[in-house]
Amino acid sequence: MKTNAATLGLVLAVAFSTSALAQQALRITGSTTINPVVSEAAETLRKENGLAITIDTAGGSTGGVNALGDGRADVGMSSRSLNDSDREKFPGVDFRPVSIGRDAVSMVVHRDVWEGGLRALSAEQIRGIYEGSIKNWNEVGGPDLRIVFFNREPGRGEWEVLTKFLYPGEKTAPRTNHAMVGSNEETRQKTATTRGAITFLSTPWADSKSVFALGIRNDADSVIEATGPNIASGSYPMSRPLFVITNGEPSGAAKVLIDYLLSDAGQALVAKHGYLKLADLE
Amino acid sequence: MAPCAKSFRPQWILWSCTFGVAVTLATLLAALLMLVWQSLPVFAHSGVGLLTGTDWYYPEQIFGALAMIYGTAVVSLVALVLAVPLALGAAVLSAEYLPPGPRLAVKSGIEMLAGVPSVVYGLIGVLFLREWVYKGLEPFDPISGDSLLTAGLLLAVMILPTITTLCDDALRSVPAAQRAAARGLGLTRAEAVLHIALPQAAPGILAAALLGLGRALGETVAVFLVVGRQDGQLPGNPFSLTAWISPGQTLTSKLGGPETHIAFGDPLHWSAMIGLALLLLLFVGVCLAAAWGLERMMRRNTDPVAEATP
Amino acid sequence: MTASRRLIRFLLPSIAALCAMFALTAVIFILGVLLVRGLGSIDWAFLTSDTRSAGAEGGILYQILGTLILIATALAVAAPPALAIGLTRVVFLRSRPRAARVVDALLHALNGIPSIVFGILGLLIFLKFFDWGKSWLAGGILLGVMILPTLTVSLVERLAAVPRKYIEAAVGLGLTREQIITAVWLPQSWSGLLTGSLLGLARAAGETAPILFVTAVFSGATLPTGIRDNPVLALPYHVFVLAQDSFNDDARANLWGAALVLVLLVACFNLAALPLRLNLHEESRHV
C-alpha cells in the first residue's frame, strides 16, 4: 500500500532522528528478586553515565537465563545457580555468572498458622507438604487447618532453591500439583489472604505482618532462622546467590553495570532491599 | 458527456483497493498457516493426545490440554450463565421501557464497562473479587479465592456490555409497528415484549450470546490473575462442581504465563504452546461462525449495506 | 385483566431494571475504586516524570508516551487497509452480495481473534522469524491488525448511510467511479473513519496481551531509536507487572495511579467517538 509505506517511512525517519546517541540499549531480563536492585542501579547509570538500559522480568530466573542463551538479552538476572540443564540447553553459550549478593528463601505461612504456634519445619515435613502427603497443619505441630500450598511458577529461582534443598543430588524434583503464583508480590499477597497457606518466598518479602517466615528444623532438632549470620555461614540451608550473568566476558555497558553493582554504591542497594551484601558473606 | 461508470480504463482507486484487500487477506492466511505449521511437531509427538491428554508437564514433555479445555469451558459457561440473563434484562429495559434520554444514559453507562481495559479488571479481581468469592464460598471450604468460578464471575462482568448492546440492537430491530399492533390488540407492554419482540429478536440474542462467548474464550490477562493457574485439574466426575471452586487453568492463562517465555528455545515445547493457540482459535472460530450464521438468519439474506442506504 | 397479567406487567420492567442496576453498580464500583485509590497518586509530576525504584517512586511519563507511540502506529497501520476494504465493500461489492458476505465474514473473524493469539503470532513472526528483538513496531503492527475491523466496520456503516441520491446525481453529472469516490463517498463518510479511529485507539490503548511478548519491557525504555531491539514502556503492561510485582505501598499507590490514567485515556477516546456514534446509530435504524 503506497500510503502505508509512506507513513511508515515517515514514522521511521522521525524515530531515527529523535535520538542523539543511537546506541543499542543493554537488555536485562530475569528474576523479580534481583529486579529492584538492578533497576535502581540502572537508573543511576542512566542519569550519570548516559547508558541506555532496558529491564524486564518476564519468565523469572529461568526466563532470564533462556533469554541470555537465545541472544534476546545481554544480561540475565538469576536468583539461583546455573545448572546442568541450562548448559545443555545452550551449548554454545559461555555463561559468566557474577554474584552480587546473597538471599535466603523462607517457607512463609499465613497468619493463622503462625498464630497457631507453628514456628519451624524440617526438610522431611516440607517434603511431605510439597508432595501432598501431609494435608493438615496439626500433623506438623500447627493448628487444625487444611494446608494450602502455593507453588511457584516454573522458572522461578525460589523453586529451584527449594527443590535443591528438598531433593539434593536428584536431577529432577517429583511432579506435584498445586496452585501457582508467579512473582514475589503475587506470592505474598495470595498467601496472606488464604487461610492455612504456605509457600516459599524470598526472605525480605516476609514482612511478618501479612506473611510470616518459618525457620528450618535441622537433623539436630534445632531451629535455624534465616538471619544474616546464618545465611552467611551457610547453616541456613535455603540460600542462594544473586547472579547477574553475561555471555562471555562482560564488556561495554554490561561491564559498567556489573562494576557498579559490585561497588559500595551498588552493594548498598543490595542491602537496601534486604539481601546480603558480598561483604557480609565473609 | 456520457457517464463513465463502467469504464474499462485502469482505475487506480479500484486497483489500490483490491491490492489492499488482497494483501490483508494474504497476511491473515499466512499467519494462520504459520500457526498450523509451527504446531505440527507436537501433533507428531502427541497426536490427538494434545486434546485428550489430561496431564501437562513440560519438563517431561507431557502435553495434554484436556484440563485446560475443561477450564476454558467452565469459565466461559459461568460467564455466559451470569451475563446473558443480566444483559438481556438490561437490554429489555433500555430498548423497551426507557425514553430516549434515560436510554442513552443507561446504554452509555453500561458501555463504560467495555471501556475498562482487561488488566484493570484483573487488578480488581485480584484485590476484591478473590476475597468476596473466598468469603462467600466459606460453607464449601474453598482452597483459596483463585478458582474457575472467580474467573468466570470476572468474565461475566467483562462480557456484559457486549451482550447488552447487541441484545439492545436485536430488540430495536423488531419493527415498532408490530409492538403497536400488539398494544392495539390489548396486550400490555410486558406481553408485547415477551410474546412479540423477544421471539423475533431471539436469533440476534443468541448471536449476542455467542459473541460474548467468543470474547470470554479469548480473554487472557484478567483470567490469568485470578484463575489459580493449576494444571491437571480435571474432575473425576464431569458433573462434580468441586473443580469449579478450585484453582484451574485455561488455554489463555497458560498462553499468557511464563511457559511461553520458557518454551521459546525448545522446539517441542514451543510447538505445544502454538498447538494451544490453535485450539483456542478453533473454539473461538466455531463460536463466531455460529454467531455469524444466526445473524445472517436474522437478516434473512439481505445485504445490510444495501438495506441501510436510505 | 387477570392477576397473572398484572404480575407480569409489573415484574418484567422491575427485573429488567434490577439487571440494569447491577451493571451500572459494577461500573460505579470499578470507577470508584480507581478514583479512590488512584487519584491521590496523580499529579503533574506523576504524569511527566520517569519511573524510579522499579515503580515505587517517580511517574509514568514514558509509559504514557510508549502507549501513545503504539496506538499512533496502530492507526497508521490500520487506516489504509481499512479505507481500502471499506471502499471495496460498499462501492465495488454492492452488486456482488456473495463477495460482500465474504468480506463481512472475514472482518467478523478478524475481530474475534483473541488478543493472546495476536501476541503469540507476534512472538512467532517478529521474534522468531524476523529476529527483531523487542520492538515498538511489532506491537504497533499487531495492534493495527487488531483494530482494523473496528475502523473498517465504522467506515462501512457511514459509507452505507450515504444517500443514493447523491451517487445518482454524481453519475448523472458524468463523474467517473473514482471521481465519485473522492467527491461524494469519502467526504460524506470521513466521520465514520474518525469514529472508528477513536474507538480503535481506545481499544489498542488498553490491550496487554499483544504487547506482552514482543514490545514492552518494564523499565528502561524511553523513546525508540530504531526498529530492532527498541522496546517501549506501556501503561497496560506497567499495570500488569506491578499488579504481580509491586513490592511496597508506594509502588502499589503508583499502580493505581497508572491504572486510573489508563482508564481515563481509554475513556477520552471512547467519549470523543460518542457524539458521532449516536448520530449514526439513531438515524440508520428503522424504529
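Labels for the chains are A, B and C, by order of writing; each one numbers its residues from 1.
Following the convention adopted for this analysis, contacts are C-beta pairs under 8 Å (C-beta built on N, C-alpha and C of every residue); 3 or more make two chains touch, one makes a residue touch a chain.
Computed from a predicted model, the values in this text were never measured in an experiment.
Chemist: If you apply the touch rule, which chains end up adjacent to both chain A and chain B?
Modeler: C
Chemist: Going by C-alpha centroids, which chain is farthest from chain B? Tell me that one.
Modeler: The chain lying farthest from chain B is A.
Chemist: Select, from A-C and B-C, the pair of chains that is joined by more C-beta pairs in contact.
Modeler: B-C
Chemist: What's the distance between the Cα centroids of chain A and chain C, rounded to whole Å?
Modeler: Each chain reduced to its C-alpha mean, chain A and chain C end up 36 Å apart.
Chemist: So how far apart, in whole Å, are chain B and chain C when each is placed at the average of its C-alpha atoms?
Modeler: The mean C-alpha positions of chain B and chain C differ by 17 Å.
Chemist: Got the chain C residues that touch at least 2 other chains?
Modeler: Answer for chain C, listing residues that touch two or more other chains: 80-81, 84, 127, 212-213, 243-244.
Chemist: Counting only residues that touch at least two other chains, what does the list for chain B look like?
Modeler: 16, 19-20, 23, 126, 261, 264
Chemist: Got the chain A residues that touch at least 2 other chains?
Modeler: In chain A, the residues touching two or more other chains are 1, 58, 72, 182, 186.
Chemist: Which chain B residues qualify as touching chain C in the complex?
Modeler: Residues 1-5, 7, 11-14, 16-21, 23-25, 27-28, 31, 34-35, 38, 85-90, 92-94, 96-97, 104, 106, 108-113, 115-124, 126, 128, 157, 160-161, 164, 172-173, 175-176, 188-191, 193-194, 211, 214-215, 217-221, 225, 252, 255-256, 260-261, 264, 273-274, 277, 280-281, 284-285, 287-288, 291-292, 296, 303-306, 308-310 of chain B touch chain C in their complex.
Chemist: Taking the complex as given, what residues does chain A use to touch chain C?
Modeler: 1, 3-4, 7-8, 11-12, 15-16, 18-19, 22-25, 27-28, 32, 35-36, 39-40, 42-43, 46, 52-58, 72, 182-186, 205
Chemist: Touching residues of chain C toward chain A in the complex: what are they?
Modeler: Against chain A, chain C makes touches at 50, 52-54, 72-73, 76-77, 80-81, 84, 127, 133-134, 212-213, 216-227, 229-231, 241, 243-247.
Chemist: How about chain A: which of its residues touch chain B in the complex?
Modeler: 1-2, 58-60, 62-63, 66-67, 69-70, 72, 89-90, 146, 148, 150, 153-155, 172, 175, 177-182, 186, 189-190, 193-194, 197
Chemist: Provide the residue numbers of chain C that touch chain B in the complex, in ascending order.
Modeler: Those residues of chain C that touch chain B are 1, 5, 8-9, 11-13, 15-20, 22-24, 26-27, 30-31, 33-34, 80-81, 83-85, 87-90, 92, 94, 97, 100-101, 103-106, 108-110, 112-117, 119-121, 123-125, 127-128, 145, 148, 156-157, 159-164, 171-172, 174-178, 181-182, 202, 205-209, 212-213, 236, 239-240, 243-244, 255, 259, 262-263, 266-267, 270, 274, 278, 284-287.
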